[in-house]
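One structure coming up, written as structure tokens, with questions to follow.
Each chain gets a letter, A, B, C, D, E and F, in the order it is written, and its residues are counted from 1.
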Amino acid sequence: METIITILVGVLVTVAVYLLLSKSLVRVILGTAILSHAVHLLLMTMGGLKKGAVPLLGENAESYTDALPQALILTAIVISFAVTSFLLVLAYRTYKETGSDNLATLRGFKDE
Amino acid sequence: MKINDVILQTVTKIVVFIILTFGVELFLSGHYNPGGGFIGGLVLSSAFVLLYLVFDIETVHKGIPFDFKKVAAFGVLLAVGTGLGSVLFGASFLTQTASHFNLPVFGATELSTVMLFEAGVALTVVGVVVTIILSISEDV
Amino acid sequence: MLAITIAIFIPFMAALFVPFIYKRVRSRNIGWFVMSVPLVLFIYLASLIPAVAGGKTYIHTIKWIDSAGINFTTYLDGLSMIFGLLITGVGSLVILYSIYYLSEREALGRFYVYLLMFMGSMLGVIFSDNLMVLYVFWELTSISSFLLIAFWYHRKKSRYGAQKSMLITVSGGVGMLAGFIMLYTMTGSYSVREIIGTIGQYTNESLFLPAMLLVLLGAFTKSAQFPFHIWLPDAMEAPTPVSAYLHSATMVKAGIYLVARFTPVFGGEAVWFYTVTGVGIFTLFWGSVNAVRQTDLKALLAYSTISQLGLIMSLFGLGSAALNEGYSADSVIYTQATFAALFHLINHSTFKGALFMVVGIVDHQVGTRDIRRLGGLMSLMPVTFTIAVIGSFSMAGLPPFNGFLSKEMFFESVLIIRNLDIFAMGPVWGSLIPVVAWLASVLTFVYSMIIVFQTFLGKHQPDRLDRKAIEAPVGMLIAPLILALFVVGIFFFPNVVGNYLLRPAMTAVYPPFEGAEGLVPHIAAWHGFNAPIIMTIGVIVVGALLYTYLRYWRGIYSLAPMRWNLDSMYNGLLTQTEKASSFLTRTYMTGYLRDYLVYIFVFFILTVGGGLLWTGGFSIDLSNDAPITISEYIIIFVMMGASIAIIFAKSRITAILLNGVLGYSIAILFVVFRAPDLALTQIIVETVTTALFLLCFYFLPEWSKEKTTRSLKVFKGIIAISVGTVVTVLALVVQGNKMFESISVYFENAYELAGGKNIVNTILGDFRAFDTMLEVVVLFIAGIGVFTLIKLKAGKGDEDVED
Amino acid sequence: MNNILVMPMIIPLLTGVLLVFIRSYVLIQRVFSLVSIAVTVAVSVTILNLIQSDGILRLDFGGWLPPYGISFVADSFSMLLVLTTAIVTGILLIYAFSSIGRAHENMFFYPFVFFLIAGVNGSFLTGDLFNLFVCFEVMLLSSYVLITLGGRKVQLVESIKYISINVLSSWFFLVGIAYLYGTVGTLNMAHLSVRIAEVGQGPLLTVISIIFLIVFSLKSGLLLYFWLPGSYSAPPTVVAALFGALLTKVGIYAMFRVFTLIFYHEPGVTHLIIGIMAAITMIGGSIGAIAYNDIRKIVSYNVVIAVGFILVGLAVSTEVAIQGSIYYLIHDMIIKALLFVIAGTMIYLTGTARIQNMSGLIRNYPLLGWLFFITMLSLAGIPPLSGFIGKVYVGQGAIEAGAFVLLAIAFLSSIFVLYSLLRIFLNCFWGETIINEDDDVPLKKGMLIPMVLFGILTIALGVGAEGLAPYVSDAARTLMNPEIYIDAVLNSDS
Amino acid sequence: MNVSTIGEFVGAFLILTGGVASVISVFGLLRLPDVYTRSHAATKSSTLAVLLTLSGAFIYFLFSQDFVSVRLLLGIVFVFLTAPVAGHLIVRAAYRSNVKLADISTEDELYEVLHKDKVEEDGTGQ
Amino acid sequence: MIQAMLTTSLVLFSITIAIAVIRIILGPSMPDRVIGLDMIGVNLIAMIAVISVVMNTKAFLEVILILGILSFIGTIAFSKFIERGVIVERKHDR
């Protein structure tokens, strides 16, 4: 299970990186969203998969699956939600302000 | 073109009620079952999202006239405040305590500072999600 | 003695008061107040001469940065005494001169503040025993020189000169700092005296040589030695009193001082000997060559200063040979050179100071310094002429002026060096030094004559002058006259100087020779008809001939090798560096997000992927894998398919839908991994995110097809796949190399510890509640941030400043 | 239990939240924020002195002992930075009062600044790797908002790059945490150090450490600094100054912490890479600093150079060098703030950012000019200003370690710093005065006072370097001897 | 074989039926010609599938653990309530965004109604 | 036997999901894709129910309910977007 999930993580990362290297801002944002999916899975995998019961003590199992990564991922999910929403709004504000969502034209102000 | 989807609006009225109840339930049961402040808050806010989707900002605002930024700020205050509360009692920052009470209606209940903390979390989540959605939608 | 320390600070204190006084006085009379400062100091220092001559030294320490070994230690010995007297003495005269020289319309307050700052820093340099404190003042002299050169900052040339001098001297200073630190690293002390005491055991250390060269770099840049001399002519944009003071009499001598100070440390080493002598001799030669071709009197003086500084420098180099073997009757003879150096140092300050003032007077009175426009001023400005003659002839090495004495000793020293049998000095090199020295002296003679004759003799051309030439006011003439008196006086009573000033200084430079016979020779104007006097006669004869036929051979300056110019190299270096930097920076700083991301990814692939490959041999151990069911396989493949499809999605809705599929599938994976809380969160967050995407899509355009070339696509693909592979491989390696049990076992006692049964929730709400609290803050910031981002829009009024 | 430890973070946090409620009362906001910064400074000083008497302090949140709970750990290094942060912010706030404008003040400008400070201070204090990530995010999110606040075109365009790159770096951070957790199974930094020391830092852990290196390099602008010049020249002056003074420093701090506490076993690999990166950073920064005629760009590249310089100390990793880095770090926070503020003020006064279009400012604004002059000298490490002692120590460390190339580049870079700023000084402050006295923009007192304060600070820090010496040497000693830190964190009786 | 085993079996069987129903409905999604028909397959029969499954799970828990899951019941109610509305909305959206009907469709009654509407709407100033 | 039935149904559900994803990718129209997502949502509910049964745990029952709610919300959002572009209206009478 871990192996295939790791490979899945790799595929997600590949896709995300490819999207990040796009011109279109929306693609980039989507890329970051997928990146965060990937890292959540990675964190999960690193804690070990299916190693025990659901981490609810009422379940009366001998061993529980590693709860710490779950807590971390939860935090990470919320943070990435916050960032993604901000980035999205930024994207549309930028589009409204500059009339472009093409990063190749949004190079910033020229010095000379 | 009016939104005149009676079916949707009727169903929503019921569904939102279910979601809100369920959200509160999730929030309260978090210490023993899946759920907690975050999830509870998120579910509550998804109920608001549904309301905004189906109705419109004006209508919803008539029903729930909160400034959600303040709600969120209050939530943060609550979360941080519980931490500071423990400082006042001479314990480490963010020390949580719990004790059991026998309340008339609920029977033996555990009341803990975690509850307050989680309430803060939930309020913030609701406040923030709604603020974001409202801010964007109002910017037409 | 505390007084020395205070002496350093008095000028700074005075500088603080000057602006206030200037506000009241607002006239040139402010100068009198300023002049009192160096005068008092001069008198005070002079009063110490007898004691110092008697071998006494004064030391005083104030703690500063004790932990770094940097303490404010002042040290007065013979060497610093000479410099101290020069600084305060010439300083007084220069201020006196400036009172009459500068117009009242100038920002006199500012001028005197700078000048006092400089004076204080210069005193700091020579009185500091601690190298770091020395460096502090060293840089302060550069800065005050910078400010003084650019005193007329609205002139472009002033700014250019200031920038040039600052860059060069500060660069040298930085090198010197490195050298000092190296010395500290070796010896563990910043105190010069302590270093001198212990340096013997460190001469073989690998740091010894670099330290020496770096210290020399500092000295050479400051003293305008070749090839760093180029800043000095441009520094002449400063008001003339400044040039007289800083750029001939004092600041440029700081490098000389440093060499003298460090002779006991590094002297006796072949590298030191050759570098100092060689650079000095060549500077002497090069400066005199260039001086002859100048038409601006001040520029001529600047080159002559360079040349003279080279002379002094080379003498110190020659003198260092004495330290090679320690004290012996043979080696003491080489100390003559140092003696000559110190003597010439004083002489140079007197005659060069006088000459600068003369040039200033000429400039002030007739409005030009161009020798092609000058001439015939002798009868109009007789006093000035007299001073000029005294100064120039002294510089040319003619009797009865002090320059003659030191020039003779110089010749003697370079002749002696032929006998040197250390440092692999063969007859060729040994003879080259006197020859070059002699040639340079000839040219010195020539330009000295130019100063006098082309300015004061020849045809008077009133129509080419800005103002009618009349003699300068008395006040302006006092200072150069005093200096001229010294020029003559020292010639007649050289041994007063020798015994009272040079003797203690020699002891300071040659601690092992203390009290040695022959360390302080008797200076005599006539010492028999020997080689030096022949050389001098030769100089006069050949020099006179060359001067007479100047216009016939001046043509060689326009020959190719002579046009080859360090100045243009410096300018070229700056502009080329700027251009190249600009080009380079613009090449990689494209402002395009993709490029930046590519840099990051490439760096990641190279370091992490490269690290993986390079260290190699990782075991990938898959035996610990959890079992997997068919349905899970299907879900995972669905996810892979969906994610890959996102790349090819034609519309953004499809992409978002597929992203939603990914999100929901991850939720089910979380279910499979027994993480209910995560699954819940993931589902809700995914939905809300999707809703947000849709909300924003209303405002955004449909995404267009990426119009990219095939090769770019392949490039992107390669990067993407490499990143994915590195992440995956590393993760697999980590899988097989779990070294410890996780700490999370602890949390399984959640119920006993925190009274909760949902472990994840207790972690979030109790064990790691702090994380949760901050996370809430993050969310809050994002929420309010979105609000502000939308509400606060740039109005028309506050558009960007022009870019 | 030392609840005071959380105060440098909680006070700004609470202030930020409370300010949200009094959004429309600008005056109250100002007073409140100044008071709270003052309290933060006082608290920081108290903690710093407590550390000198009691050793490293630790606060376990919720009473959960490390490594299970999250702890704040304060040693001299972190507290010095916390203190400097508070002071710099306080002064910058004064500048903000007269420069930022009412629209910003109404739009939660102060809360965001305080959240930023909370994040920064949290990052300095935390003893837990994941908490460090969260604190980073607090800081970053606030910085995202601050950089866009105002919504000018430049800001939006630059912030997209800034945010995207930082999102990526946060992602790398999480990946690194995941790997590290997978191998070592813990998150507390001291515990990580113990466990890694136990098994030895093998190749795998070294590779993982490189991921952290990338993360912190991105944050601090070490080699991966290309996002920096653009984004630091976009926002309003105060924000740019805050960024220039604080943000990169957090990355640097984290790098120091991680590579002296956790991954210090393989200096041949990690510290070598850091050294090479520092060298290239200094070169790139130097080149960049003289490549532009835009003040904002020049100033931003100066940030880059300083980053490289500070990390020379880490690359060399001798106690003296680290002392130098700490001195330089503190110096840089102050002087960069001043530099950015001056640059911003110049742009405010002239309405242009190009040095060709300014001239002779010193006639109308002499104090500003001399402050710039002092800044320039201080940045170039000219004594007796604050940059000097750090430079000496770093140089000394480099010499002791035989890193002569680094030494040469580091010292040369300070000449480039000097040159780049000299160009500004000569062109903008000197030269013919273009604006005549009638139509020049008046320089507000409220802008001048903070600059003067910074100027006094840099002089005081240079002349009074000895006053800091016990703290700095304690900080360096702690960094060089990780067991001190570990012992303070993992012994349970506190 | 006691009651609980039988109950579990019934539950599992219901679940399996649900699975089969779902596959059948998804074939509809794959094979049918246009949105409107596909929506029919997706919303109607897959609702059935999920209902079967949820009921199966409910019964299973009821018998194996004596556990009456209110949440499952709520879930059933919920899906019942929402799935048709969702289907309705999608088709409505599809029609309003002018997704073409399949070529084999014979009638489009709504077309005329809507177009009449449109004239009116314009009249009322929408 | 029961296990086999449960596993089979899990596989069936995942096949359904796979096919629905194919529909999302192929389109051709937007509503087609939304239907696909809706279908996936509904099937995920079923899958989670089965997984709960297989694991014999009650922990995921909340997830079922949430998924039910949210796939509904998602579908509404998408169909509103397709229909009118804006998914949250400001005023009542637009």
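The criterion applied here is as follows: a contact is a pair of C-beta atoms (placed from the backbone, for glycine too) under 8 Å apart; a residue touches a chain by one contact, two chains touch by 3 or more.
For reference, the UniProt names are F = Multicomponent Na+:H+ antiporter subunit F.
Please read these numbers as outputs of a predicted model, since none were measured by experiment.
K.L.:
Kindly list the shared contact partners of chain D and chain F, in label order.
P.N.:
Where chain D and chain F share a partner, that partner set is A, B, C.
K.L.:
Going by the touch criterion stated earlier, list every chain that contacts chain A and also contacts chain F.
P.N.:
Common neighbours, chain A/chain F: B, C.
K.L.:
State which chain is most central when centres are taken as means of Cα atoms.
P.N.:
D
K.L.:
Taking mean CA positions as centres, which chain lies farthest from chain D?
P.N.:
E
K.L.:
Contact counts by the stated rule: is the higher one at B-E or C-F?
P.N.:
C-F
K.L.:
In terms of CA centroid distance, which chain is the most far removed from chain F?
P.N.:
Taking each chain's C-alpha mean as its centre, the farthest from chain F is C.
K.L.:
How many angstrom lie between the CA centroids of chain B and chain F, rounded to a whole number?
P.N.:
Between these chains, centre-to-centre, one finds 25 Å.
K.L.:
In whole angstrom, how far does the Cα centroid of chain C sit from the Cα centroid of chain D?
P.N.:
A distance of 27 Å separates the two centres.
K.L.:
Report, in whole Å, the distance between the mean C-alpha point of chain E and the mean C-alpha point of chain F.
P.N.:
10
K.L.:
Chain B to chain D: how many Å between their CA centres?
P.N.:
37
K.L.:
Among the residues of chain E, which are close enough to touch at least two other chains?
P.N.:
If we look for residues of chain E contacting two or more partner chains, we find 74, 78, 82, 85, 89, 92.
K.L.:
Residues touching two or more other chains, restricted to chain D: which are they?
P.N.:
Chain D, residues with two or more chain partners: 13, 17, 20, 61-62, 130, 134, 137, 141, 144-145, 148, 151, 153-154, 160-161, 164, 168, 175, 178-179, 181-182, 187, 230, 292, 294.
K.L.:
Counting only residues that touch at least 2 other chains, which ones in chain A make the list?
P.N.:
Where chain A meets two or more other chains at a single residue, that happens at 20, 25, 28, 42, 45-47, 53-54, 56, 58, 68-69, 74-75, 78-79, 82-83, 85-86, 89-93, 97, 103, 106-109, 111.
K.L.:
What are all the chain pairs that meet the touch criterion?
P.N.:
Applying the touch criterion to every chain pair yields A-B, A-C, A-D, A-F, B-C, B-D, B-E, B-F, C-D, C-F, E-F.
K.L.:
Which residues of chain D touch chain B in their complex?
P.N.:
1, 3, 6, 10, 13-14, 17-18, 20-21, 59-63
K.L.:
State the interface residues of chain B toward chain A in the complex, per the touch definition above.
P.N.:
Listed in rising order, the residues of chain B that touch chain A are 32-34, 38, 125, 128, 132, 135-136.
K.L.:
Under the stated contact criterion, what part of chain D meets chain C in this complex?
P.N.:
Result: residues 13, 17, 20, 61-62, 64, 67-70, 101, 103-104, 107-108, 111-112, 115, 118, 122, 130-131, 134-135, 137-138, 141-142, 144-145, 148-154, 160-161, 164-165, 168-169, 172, 175, 178-179, 181-188, 191, 195, 199, 203-204, 206-208, 210-211, 213-214, 218, 223-224, 226-227, 229-230, 269, 273, 284, 286-288, 290-292, 294, 347, 351-354, 357, 360, 362, 377, 380-384, 388-389, 391-393, 395-396, 399-400, 404, 407, 411-412, 414-415, 418-419, 422, 426, 430-433, 465-466, 469-470, 473 of chain D touch chain C.
K.L.:
In the complex of these two chains, what residues of chain F are touching chain A?
P.N.:
The contact residues of chain F facing chain A are 55, 57, 59.
K.L.:
Using the touch definition from the top, list the residues of chain F that touch chain C in their complex.
P.N.:
Within the complex, chain F contacts chain C at residues 7, 10-11, 13-15, 17-18, 21, 24-25, 27, 30, 33-34, 36-37, 40-41, 44, 47-48, 51, 55, 57, 59-60, 62-63, 66-67, 70-71, 73-74, 77-78, 81-82, 85-88.
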